[in-house]
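All chains are identified by letter, namely A, B, C and D, in their written order; residue positions are counted from 1 within each chain.
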Amino acid sequence: MKNTFGSGVSVTVFGESHGDAIGAVLDGMAPGIPVDPEFIAHQMDLRRSVGALSTARREPDRVRIVSGVFNGRTTGTPITFIIENSDTRSGDYGELAYKARPGHADFSAQMKYHGFQDFRGGGHFSGRITAGIVAAGAVAIGALREKNIRIATHILSCGGIFDRGFSDTDADMDKIGGLEFAVLDDERSEEMQAAIAAARQEGDSVGGRLETIVTGFPAGVGEPWFDTLEGVLSHALFSIPAVKGVEFGAGFGTADMRGSQCNDCFRSKDGVITADTNNNGGILGGISTGMPLLFRIAVKPTPSIFTEQQTVDMNTMENTTLQIKGRHDPAIVHRARVVADSITALVLCDQLALRFGTDWLRA
Amino acid sequence: MKNTFGSGVSVTVFGESHGDAIGAVLDGMAPGIPVDPEFIAHQMDLRRSVGALSTARREPDRVRIVSGVFNGRTTGTPITFIIENSDTRSGDYGELAYKARPGHADFSAQMKYHGFQDFRGGGHFSGRITAGIVAAGAVAIGALREKNIRIATHILSCGGIFDRGFSDTDADMDKIGGLEFAVLDDERSEEMQAAIAAARQEGDSVGGRLETIVTGFPAGVGEPWFDTLEGVLSHALFSIPAVKGVEFGAGFGTADMRGSQCNDCFRSKDGVITADTNNNGGILGGISTGMPLLFRIAVKPTPSIFTEQQTVDMNTMENTTLQIKGRHDPAIVHRARVVADSITALVLCDQLALRFGTDWLRA
Amino acid sequence: MKNTFGSGVSVTVFGESHGDAIGAVLDGMAPGIPVDPEFIAHQMDLRRSVGALSTARREPDRVRIVSGVFNGRTTGTPITFIIENSDTRSGDYGELAYKARPGHADFSAQMKYHGFQDFRGGGHFSGRITAGIVAAGAVAIGALREKNIRIATHILSCGGIFDRGFSDTDADMDKIGGLEFAVLDDERSEEMQAAIAAARQEGDSVGGRLETIVTGFPAGVGEPWFDTLEGVLSHALFSIPAVKGVEFGAGFGTADMRGSQCNDCFRSKDGVITADTNNNGGILGGISTGMPLLFRIAVKPTPSIFTEQQTVDMNTMENTTLQIKGRHDPAIVHRARVVADSITALVLCDQLALRFGTDWLRA
Amino acid sequence: MKNTFGSGVSVTVFGESHGDAIGAVLDGMAPGIPVDPEFIAHQMDLRRSVGALSTARREPDRVRIVSGVFNGRTTGTPITFIIENSDTRSGDYGELAYKARPGHADFSAQMKYHGFQDFRGGGHFSGRITAGIVAAGAVAIGALREKNIRIATHILSCGGIFDRGFSDTDADMDKIGGLEFAVLDDERSEEMQAAIAAARQEGDSVGGRLETIVTGFPAGVGEPWFDTLEGVLSHALFSIPAVKGVEFGAGFGTADMRGSQCNDCFRSKDGVITADTNNNGGILGGISTGMPLLFRIAVKPTPSIFTEQQTVDMNTMENTTLQIKGRHDPAIVHRARVVADSITALVLCDQLALRFGTDWLRA
C-alpha cells in the first residue's frame, strides 16, 4: 500500500501541487460522527498560515466533501475530501524541470519515476498534499474529542529558540488551540518569529521541533511487536515533509539517563494509575499506559533557499548550479503543527478501532 | 497484523521468555539464497553477549530451521526458526506476578491482556524474543550482502560516553563487524564498558545510542507518503525493546540548522550522484537517493534495577514497593546492535522486493 | 482495509448513489503508462448500457482525472477519478427510507451503520459505485494490453439461455470487444435479450453467468497459500454487486469428474508448455501456469422487482409489504461484464507488480 | 503477505511435506480463551482420516503448542503449533523430481521458484500443510462456540452422488459433528464410500462438493466493497487444495432464477429478522444479515492417479510420460471437510475482531 495508511481507519492521499485537485479519502470512521465544516475550515487555515511568516499560495483551500457524510454525520463509508488547485502557475518551470533542488525529492523521484513524475512545484511531494491529511484529520480530531481524547502540539523550538514544555496541560492545550503560531511562552514566540524573519531576509530558512501531547487516551492500546504505538505513530509522522526524527517521552535524552532516573514509578491516585514522571511518553512495551502520550518531531529547515546552490542536471548528470526564485516559506514548523495533530488523530482512531471495534468512536 | 512486519518480505515473531520455545517465520525471501548456519550462529552469539557485561541466560540459543530451506538454499516458501527455551526457571515468581515493574510492560500488558498474559520473565515482551528476529535477519543480511548492500551498527554512545561517527566507511564496517562490543574508538569502548560496570555495582543501569549505516542501497526505493523509507524503518526499529527515538541523517540536529547548512548539495562524481554531506541520511521525499542510509536510535537504560522502587499492586491497584532480584543486564545497547542490523535488513529486503519484484534478491 | 483492494497496485472506491460524486483512487501503477481518455469513456459507456435493456440514469458518466496523470501518462502516484452525480432525485424516498428491500443491502447496512448510512438509491451499495472501478480498470486494461495480456468476458448465460464457450480465443475476444451485449453466438444473444424484455414486462428480473478469459498472462504468478490466484481474484470479484459464485476452469464441474478426466496433461508445443484441456483454469497450486486464466461468476437476478413483496419496517421491526417503483434494470449481467474485466485487470496488475516489481508494467 | 491470512486475527502456515516440521502461527485471538488439546487432537484425526478410504501417512500428527497458551488459555499473543514430520521417506524421488505431475503444482512451482522449491511429496503445496490450519482452526472453532456460533460442513456430493441439504439445522450439525465421513443421509454416505472404493480399484480418483453452514453469526459484519464477507471467505477457502469453485446461498443456481424467486423476503419472528428462504446465504451487500451463513465449495478429484499420463520433463521441456506410484487417496473431499470448518472459523474470528474489537471473543 503506497499512499494509504491505517487498516481499521485508513487515509489515502492524492494529488500534485499544480495538478487539478488534491485531496484524501478517509475510510473506516464509525458512522454517526458529527462533521463540522467550520472546524475543518479552521484547521485548513492553520495549515495555510498567513502574514509575514509565510508566502503561502492565495488559494482559500476550500474543502469539498463529496462522499461519506449524510445529514451532517459520517455514514461509515469512505469520506472523500477534494480541494481544487486554482492558483497553479504551471507555465514556465525552466531549469527546475531538470535541475535537482538540494534537500528536495527531485532527484530521488527521478530515480523512482524515471522522469514521468509531475515535477511542477514538487508535484506529489509538495507540502500542499498535507491539506488532504488536515481535512481528514479534522474529522478524526472531532471524533476523539467526543471521547475526551485531546491532542495538542506546540512549537518546542524554532531557529534554535526553545519554548517551555507542557506544564498545566489543560490550560496549555486551551492556549495553543487558539494560536496560529503555537508557542506556550509568548516571549519565546516573538523571538522565534524574529528568527524566521531574519532567515527570510538572508534568503535562508530555519527548522524546529514540534512537541505533541495526547490526553485521555485509554490504556491497553498498541502491540508488543512491530505495531507498537511508537512504531505506528512514527511511521505516519515521518510523512510530514521535512521530519527527520521522532522521539517519545524523554526520547534521546533517555540514552544518557540511569535506569533509576528513567523509570516512571507507578502511583495510584484516586483510582487512577499514573506516575510523577513521563519519560516513556505514555507507552511501555509498545502499549499505552493511560498516561498522556508525549512525543517530539524534528523538522528540518525548508530546503528552498535563495542563495545559489551546487547541484546536478538530471538530464546530463553533470554538475551545475541552481538559483531558486519565487515564493517560499523560510520556515514550515508552525504550519506543520496542525499536520502533526491531524496525523496523530488519524493513527489513534485507527488504533482504537482495531482495539475496541468500529463502533467505539461513535458519538 | 500484530506480530508480523512487512508485506513483500515479512517476519512474524512468536514465543514467551519462559514458554516452550520462541522463534520467527520469515516469508517472501527469494528462492535460491544461500543460508549459512554458521553466520546465523555468529549473529545469535552477538545478541546473547557474554562475560562481565551481561548476565545472559546460559542457553546456547541453537536455531533449528524447520521449513523453507532445502539443500542449503531458500526455497521461496516460509522459513521457520525455532529456538527452544531450556533455562527457564518458571518456579516461583512471587510478587512479580502482580507488581508492575516500572519501565517494563507489566502494567500496559495487564490493561491489554486482562491478566491472561504469560508474565514470567516478561513473557512475550522479553528481549529474548529478539532472538527470532536475529535468526531471520541473518538470512536477510546474507541476501543483501550478495547484492553488495552492507549494514553496520556501532554504539554511538553508552552511559554518556560518545564514540566517533563513521568516517572511512568500509574500514569502519570491517572493524566493528568482528567486535562483540561494537565501538569504533577503542578508548571510548573501554570507557563505556567501565560505565556499564560502574552502573552494575550500584545496582543501576545505563542507556545509549546506536548508529546504523547502510551502503550500496539503490536509489529510488521508498514511497512519498506513509511508506516513506524513514517511516517503514522507524516503524520496525521501535520494536527493539527500550528504543525511544529514531532519527535519520543529522536528525534532531537539523532542527537547529539553517537550510544553507542542512541541504546536501548534489555532486556528480565518476558517474555517481552523491553529496559532500549526508544530513538527510540518504533519503529525500521518503525515497532513497543512493547515498548511504544513516540513522540513530536511542536505547533507554534497562528498567530492571536493584534499588527498591515505588509501584502498584495490579490486583488491588494500591501503592506498594518492589525490589527486583536475580540476573539482569546493566545495559543492553551493545546487545541491541545486532537486532538493529537484523531489523534493518528485513525492512530493506521487503522494500527491495516490493520495488523490484520477488526474484531480485536471488543470488 | 475496507474500500481498498490490492497492495502493489491498489484501488479505493468512494461515493454514494445520490451523493455529490463518486470515484476511485488507483495507486501503484507504474509510471509512464499511456492513459487514453477515449478508451475510458468507451468502457464507461459499456457499463452504463443503453436502449431497451436498461433504464440507466441519463448521466453521461464523464470521468475527471484530477491527479496522477501528466502529459498523458501515469506519473506513478495516485490517479484519482471523479464522476459527478448530476441526475440524483434525492427528494422523497418515502418508505424506502425504512423498509428493507428484499435482496438488497438495506437491512444488513442498517445493522452495520445503525441508520446513519445514506440510504438514497442504495447509497454506497449502489451498482453505480462500479463506475469508479471501471474508470480505474480502463487504465489497468490498457497497461496489460501493452504487455500483450488480454482480458475478455462474455455472457455465458442469461435468463437460462446459454452462450457457447470460447473456442477460437483471439477471434472471440475481438468479436465481443466491440459488442455492448457480449454474447459469442448471435442467436443466443437475441434470445437472451428477449428473455430480459419478457422479465421486464412481468415486472420481474433475470440473472446470468459471466465467463472471463485472460490470455498472455505469465506463468509463476500467485502464492501457494491464502494469496492463491483463485483466492485474490475471487476476493475482488465478489465485490461485483449480485455475484454469488465464482469458479475456475471446469469449476463445480470438476466435482463430478474422475481424476483421469480432470487432469490437464502438460504438452510441450513449439517451446511452450500447454495442455489440450484447461480444467484448472490456468492455475495450479494457486499459481499461474501460463495457460489462459478462465473463470465464471454467477450474477443473481436484479433484486428490484415490481411486484409487491413482504418485508420488515426497520424502525418498528414489524412485518409489512413493499412496492418498488421507478426505473430499474430487469438484468445487470450485460453491464456487469465490463466490471468483471476491470476488476480482473486491477487484480492482475497488482499480482504482476508484487511478482515482478513496480516498473514491470511500464510501456 | 504470502502465507498469512487475516489482519485482526491472522494465521501463518509453514512447512513442507517432507521437511522437518510443519505448523502455523495464530495471532490476534483474544486473551483468556480456553484451549482444549483433546479437541485439537480430535480435529487433527478428522483431517487425517483412516481406514479403507485413505492411505494417509501413519504419523500421529501430534500438535505441540510452543507459545501463546498459558494455564490452558490463550494469552493474546501468537500461538504457535508445531507438528513434526516423522514418516517422511525422503529417499529416492526419481522422475518426480523433474516430471510435472498433471493437476499438481509441480510446473507452476517451477516457474515461480526456479527449481529451488522442495519438490518432495509436493513440498509446501502438500495437503499436509492443512494440518497447521486445522490446529489453529480448532482454537478458533472453540472460541466461536463460546459465543454460540456453530460451524458445520457436510459432503454434499462425492463421485456424483448427492447428500440432502441441511434441514433441521441443529440436529444435522450434531449428527455430522461426530462422523468421520460427514454425510447427512446414511444411504448416500455408503454409496459415496463405494464410489471412492471403486475409483481406487481403477487407479483413479473422484471429486465432490462440501456445504458449510454457520449459525449464530451476528448481523452487520463485512464490508460493502472488496472485503465483502463473500470475498474474504472465498479468498481463504480457495487455499484448500483442489478447491475450484465457491458459491454462497443458491450460488450458481441464482443465475437461472427470476428476482421474484431469488429475493429472500424478510420476516419478523419473535423479534428476530429472518426469511423463509436463504438464497443469499446470509449475506447481502457483503454484510451478514444474521441468517445462517451458507456456502459450498467444489473439490476436484485428487490429481494423483495410477494410470500413465502424458507430461513434460521440466529439465528438457520435452514431452514424456509419467507413472505415479505409492500411497495416495482416491478422494480428499471427506478430509477437506474439517479444513473448511477451520478456515471458516479463522476468517470469522478475524471479521468479528475487526468489527467488535479484540476482546469480543473472550469467553
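The rule is short, and it goes like this: a residue touches a chain if its C-beta (ideal position, glycine included) is under 8 Å from a C-beta of that chain, and two chains touch if they have at least 3 such contacts.
Fair warning: this is a prediction, and the values are worked out from it, not measured in the lab.
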**Request:** Starting from the Cα centroid of chain D, hunt down the chain whose centroid lies farthest away.
**Result:** A
**Request:** Give the chain pair, either A-D or C-D, that is connected by more C-beta contacts.
**Result:** C-D
**Message:** For chain C versus chain D, what separation do you get between their C-alpha means, in angstrom?
**Reply:** 27
**Request:** Express in whole angstrom the distance between the two chain centres, defined as the mean CA positions of chain B and chain D.
**Result:** 38
**Message:** Taking the mean of the C-alpha atoms as each chain's centre, how many Å separate chain A from chain D?
**Reply:** 45
**Asked** Out of chain D, which residues touch more than one other chain, so two or more?
**Response** 1-4, 7, 13, 77, 112, 124, 224, 359
**Item:** Of chain D, residues touching chain B in the complex
**Value:** 1-4, 7, 10, 12-16, 19-23, 25, 27-28, 31-32, 64-68, 70, 73-80, 82, 112-114, 116-118, 123-124, 359, 362
**Message:** List the residues on chain A that touch chain B in their complex, please.
**Reply:** 1-5, 7, 13, 100, 102-105, 107-109, 111-112, 124-125, 129, 157, 159-160, 199, 204-209, 219-228, 230-232, 234-239, 241, 243-268, 271, 273, 275, 279-281, 283-290, 298-305, 307, 309-312, 317-319
**Request:** Going by the contact rule at the top, pick out the chain D residues touching chain A in the complex.
**Result:** 7-8, 77, 224, 354-360
